[in-house]
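Shared chain: chain A. Partners: chain B in the first complex, chain C in the second.
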Partner chain A sequence: MARFVAQRLAALVATLTAVSIIIFLAVRFLPGNILDLFFAGDNTATPQEIAAAEKQLGLTGSYPEQYWRWISHAFQGNLGRSLLSQQPVSAIMGSALPIDIELVILGIGLALVVGVPLGVLSAVRRDKGVDYFSRVAGLVGISVPSFWLATLLLIFTSRVFHWVPSLSYVSFFKHPIANLEEFALPALSISVFTLALVMRLVRATMLEVLNLDYVRTARAKGVRRRAVLVRHALRNALIPVVTVAGFEVGTIIVGAAIAEIIFGLPGVGYQIIHAIFQRDYPVVQAAALIIAATFIVVNFAVDLLYGLLDPRITVA
Partner chain B sequence: MSAATVAARLVRRRRLALPARWRNPVGITGAAMVAVVCATALVGRFLWTTDPNNPAWTRLQGPSWAHPLGTDDLGRDTLARIIHGAQVSLEVGAVAVGISLGAGLVIGVLSAFYRGLLDLVLMRLVDVVFAFPYLLLGLLVVGLLGPSRLHAMMAIGIVFTPQFARVIRASVLEVMGQPFIESARALGAGDLRIIGRHVLPNIVAPLTVLVTVYFSQSILAESTLSFLGLGTQPPEAAWGNMLANARGFIDSDVWMAVFPGLAIMFAVLGFNFLGDGLRDILDPRLGTVADAVVAKSKT
Partner chain C sequence: MSDNPTGNQSPGRELSRREFLTRAGRFGAGALAAGALAGPAAAARSRVARSAKKVPTGGTVTWALEQDPGFIAPYGATLTINHTANELMYDSLLEWDPKLNIRPALATSYDVVNSKRILWNLRKGVQFHNGNELTADDVVYSFQQIMNPPLPGSTATIGQVPGIADVVRHSRYQVQMDLKAPDARVYGFLAWGRYSAIVPNNMYSMVNPSTQGIGTGPFMLNGSYVPNDHINYVKNPHFWKPGLPYLDAVNYKIITDEQSRIAAIKAGQIDGCVVSSDNAVALNGTPGLVVLHNLTAAFRELQFTIKAGENKPWADVRVRQAINLAINRQNLIDKVYAGYGDFSAHVAAGYGPWVIPEDQLHSTYEKYDLPAAKKLMSQAGVSGFNVTMTTFSTPSDFTALAALIKADLAQIGINVNIVPQDPVTFGAANSAGTFDWDLTARGMRGDVDGYVAEFNPSGPSGPTVYNKWFTGWLGSPGGNPKPIWRLVGNGRITLDTNKRLPMYHKLDTLLMQQLVEIPLISVSKFFVVRSHLKNMYVSFTDFNPALRTAYLVS
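For the complex of A and B:
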């Protein structure tokens, strides 16, 4: 087990390093000289001003030096300053992260809370009305573009209920009701894809598991139907579901970025997309690193969880 | 009844009876939907000849006989733009899947066939690309190269390569374990011959399913990128950027937002149905996209 964890940890560090290098290089190769953007096309900058700008943007020295400087600063929490607002990037990210975290938690939560029971129901009442409906709904759910769903939801609530979610962000800890109101539509539009995926997967694995010998033994022993379902079948069927849900966090992070744009929530996704259009490269670099690092760490945690739940993986 | 009548009846019945696994309503529906999308993309503009970029009509109209899907905020005909969007989506899907398939085949076959250090290195590279959520990679690539449909195609192709590579590698490994490969070697077949004549034909089944599933994902990805302004650029019509445009006008004209989204959903759903149906025919064991994701942790 320890060997498994150590292996995965090594892979985590290696991947993080490679990804950070890619992000670093990607931003350095953006077309257009960063300095031109910094001076907004003003050609009268003196050499001292240019040198000072270079120093501020971290462009002095060779690429490895720049990379090392960027990474060591990042570890200390200094991610540079935004080119546009001059605010420290870490402050921008700090206020943006809670929005993303909440969106992702709500998205995954909704997907699991609704998807798992529906999948179980679908498997148990196979080929009856509920099953047929869930299967079609499942296929439709993985085909709906989340940004269209969000737009439709907005149209629906504004026309039918004459209500739109507020545009200014309030923290959950300060105003829980207002916060949940604000996050309801975005969370819903993000969760649909994963919900459908989870429902289909739970149905498939439950169907497999319900045919196995040990389930038949339990029923023959006289264990009640519900206990058989939950304690024996579901527990084992949930293993691949947990893994898939974990990997789907990446999709949800992406969906969250899009939802942030549509609903005007200033999360990390919103920041990175606007920063790319405005060539605000310190923000792009920092946001990309945060998103990628989150994704990698979550995958690592899911890998570990899978190893814990299914001992066959760690021994193999 | 004469023998001739009986024989004639038998022949007729055999022609109409599809093998059991082919009687798949989901797959057939999917095939029909995909056919509709392809037909729209290929011949749509000859059947409905209105210019998608000509802002000649009254703005923000709902559906009418002259404009079955209405007009947009500049007075362009929505139906013509949807047809053009079908061309864009299919083109992006084909190119992106082509890139992923090509690269995935090379990586997957090479690492499974030669194993050892090559396998390790290639799979680590694949892991690094896989570590990026697809939108982030798309953002970086497009941010690097500038927003355009071509760059979006490349970004999507790169992003999907790891999944192709993994599944192909797993399938090739399975094929390599079969005794007929060993016999082929014993008979003196060279590497290329084994790959070409023995390995590739046996991985067609999982490949077909992959291609259909990722075609639908590419359409979704392209519309997401163009929605964000990073794919097909306006004024050229793509379903994603039509939807982005529509967002500003949902108070005055709801229809603008409905049709592009419906088109995206129809196309994606069609390919997903088709993929499900094909998988049922080719090998029910193959499982869904979700299974391929789970397989990641086992490789």
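For the complex of A and C:
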């Protein structure tokens, strides 16, 4: 196990290094930089003034030099400063990250808490009313884009209930109720796709598992139906669900970026979208690296979870 | 203080349902004239009527900003939203009234010593938000920052600053300003206020200028600006204008998505916001909401590059004139802006007496005349050509305009390939002059010179604009830029407004014949406000100074 973890950690570091290079180059290969935003159009700044601004913002030097400057500072905990606001990027990410963490946890949590039981119910009650309902709802959930649903939820609540979520971010640790009120709609909008996916997956795997010999044997031995479903069938049916949930973290993060724009939550996705439009390299790099690292770490955790869910799967 | 771009635009108007129905059904110059904005007299009457009753005070207004300013430092910011976000906090030496008349602000008067020296007499007893009194040292410090903006600003705004050589203390309440040359732009620049905030001496070392600030304005920061989230202001109890502001607080909430802003105002979470023309039409008549509109300085225009040695079809002035005649501007206004807009020449429509009158634009300079356009193309020996027109991908009105222009120009054989780009990509190509045609927008300028400076190669914008865009203008078929160069140069150093006015009228008519840029239309901006928020108007400047004097009724 220790060797497996060490190998995966080494792969994680290598992946992150590659990702950091790709991110660094990707933002620089976009046409223009922040000075083009500042100096666009009919302004009358001279080439000398533009060069001075370039130096002032630290945009001088070759790409390898700039990359080394960024990555070596990052290892020391200094992610640089926003080119636009001159705020430390670590402070920007520090205030943005809790929003994404909460959104992702709520989004995935909602998808699992609702999707898994609904999938089980749908499988157990196959071709009954609840099954038809779940299948149709699942199809709709997979088809509906999260940005559309988010906008629709916002318009619906404002028109019907004359209510929209709070306009300013409220920390869960300060005002838990207000925080959950604020996050309910964004979390719902980003979780629907994953919820539908999980529900359909659980239904399909449960139907398969329920027909296997060991389940029939357990039933024949007189094990209670509930115990068979939960201990024997569901546990095995959850392995692909864990895999999908791991991958879906990426989908949820992407959905979160859109939901943050629509609901005015200044999370990492919100920051990255604005920073890309402004070519604010340090913010884009830090935000993209955080998102990539999250995705990689979650999938690493998923690998470890396999062994816990099914002792037959070894990591040697 | 008469060197001003006095406007004939009202401080903004409410939209009535009747007006919407009327606008929706009419197309044509006559109808547009009938819908023209109310004049100064009407605005003055409404102010007199209002002053007769007691204005309620107190309350908090929450206003949605449609973009994050990035920072709220007063110097070196190029985004319009930056000034919208900090304008409640700061004052300049001069200010504009809602009709763009220049009036005293932190300077009560000035003495013109000679054509290159001005003495500014400061208002006594003005307090900054930190309790310090305004003195000449503060003004000197402020101008040092204006002329060399520190981070988080950039030097990009220096080009907007008049040719100030130095600003020095003359006495505790008097400042001496020396100019490099006679410069008529000074007064408008100071009244505009966008780049000329007066801050306390050494403010940048006292606070974090990205998120904090100290000014003399009617509101002061409550805490710090939280990027991508909010900026909260509270009333300045020591504001130098007695009785103002009426409101206790103004909170800005950054909501970039328009549908989210609309949902928020319907739910009562905000008191006002900017919306597009389509949504303004849709929201008109909603109980409890009021839609306001006014022209702003942000007119749309078609820019070309005419480079030496390239000999593109539009280097011939007749082709450019044909393009101008083939674009149906009223159709652009009706289809894209729900009928709310005016024709504009190179000086933005609504920019006081400096503009070419609307009727002349409709009848002569910007007349839609397809047969004449085809004839000019024929005379130029051009049967048609392909061209790429780049524009902004957002807001969506640019691509909608581009599509209509493409359809118009197809009628004279020009096949336009539209390429929408994000602002930075667009800006990079625009600055470098690596475009053929750009469909773009202009903005507010402190002085009329700001609209024409780029047409003079020896001016400050010569190296950065003219020499990248127009190197082939002189010597091109029909190209005659020299009278324009002279007028731009002389207009800037002519201090007498009465002499300047005919110069700029002549200049704009020459530009409308040469058409190295084709101005299209000035568009209206729309606010939706809750009906309890009064005294609001849409400012021609594209900012939101109305919140300085707004009030709430129960």
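We adopt the following convention: the second predicted complex is superposed on the first by the 267 of 316 C-alpha atoms of A that agree within 3 Å, B and C clash if a C-alpha of one lies under 4 Å from a C-alpha of the other, contacts with A are read in each partner's own complex, and residues count from 1 in each chain.
The definition used in the following text is that a contact is a pair of C-beta atoms (placed from the backbone, for glycine too) under 8 Å apart; a residue touches a chain by one contact, two chains touch by 3 or more.
Values in this document were obtained by computation on a predicted structure and should not be read as measured data.
Once the two complexes are overlaid on the shared chain, A:Ile177 sits clear of chain B and of chain C alike. When the shared chain is aligned, no partner comes close enough to touch A:Ala220: not chain B, not chain C.
After overlaying the two complexes on the shared chain, residue contacts for A:Thr151 are found with chain B and with chain C alike. Applying the stated contact rule after C-alpha superposition, one finds that A:Tyr169 touches chain C and leaves chain B untouched.
In the superposition on chain A, A:Ile261 makes contact with both chain B and chain C.
Look at A:His274: by the touch rule set out above, it reaches chain C but stays clear of chain B. Legend: residue contacts after superposition of the two complexes on their common chain; A:Val160 is shown touching neither chain B nor chain C. Of the two partner chains placed around the shared chain by superposition, neither chain B nor chain C is touched by A:Ala2.
Shared contact residues of chain A with chain B and chain C: 30-31, 151, 154-155, 158-159, 261-262, 277.
The touching residues of chain C, counted against chain A in their complex, run 62, 68, 70-71, 78, 151-152, 154-160, 210-211, 226-230, 253-257, 259-260, 262-264, 266-270, 421-431, 440, 442, 453-454, 459-461, 463-465. Residues 11, 14-15, 18-19, 22-23, 26, 29-31, 139-140, 142-145, 147-148, 151-152, 154-155, 158-159, 197, 200-201, 204, 240, 243-244, 247, 250-251, 253-254, 257-258, 261-262, 272-273, 276-277, 284, 288, 291-292, 295-296, 299, 302-303, 306, 313, 316 of chain A are the ones that touch chain B when the two sit in their complex.
Only residues 26, 124, 127-128, 131-136, 139-140, 142-146, 216, 220, 223-224, 227-230, 240, 243, 246-247, 250-251, 254, 257-258, 260-261, 264-265, 268-269, 272-273, 276, 287-291, 293-294, 296-298 of chain B touch chain A when the two sit together in their complex. Partner chain C is touched in their complex by these residues of chain A: 30-47, 49-50, 52-53, 56-57, 82, 84-87, 92, 95, 151, 154-155, 157-159, 161-164, 166-169, 261-264, 266, 270-271, 274, 277-279.
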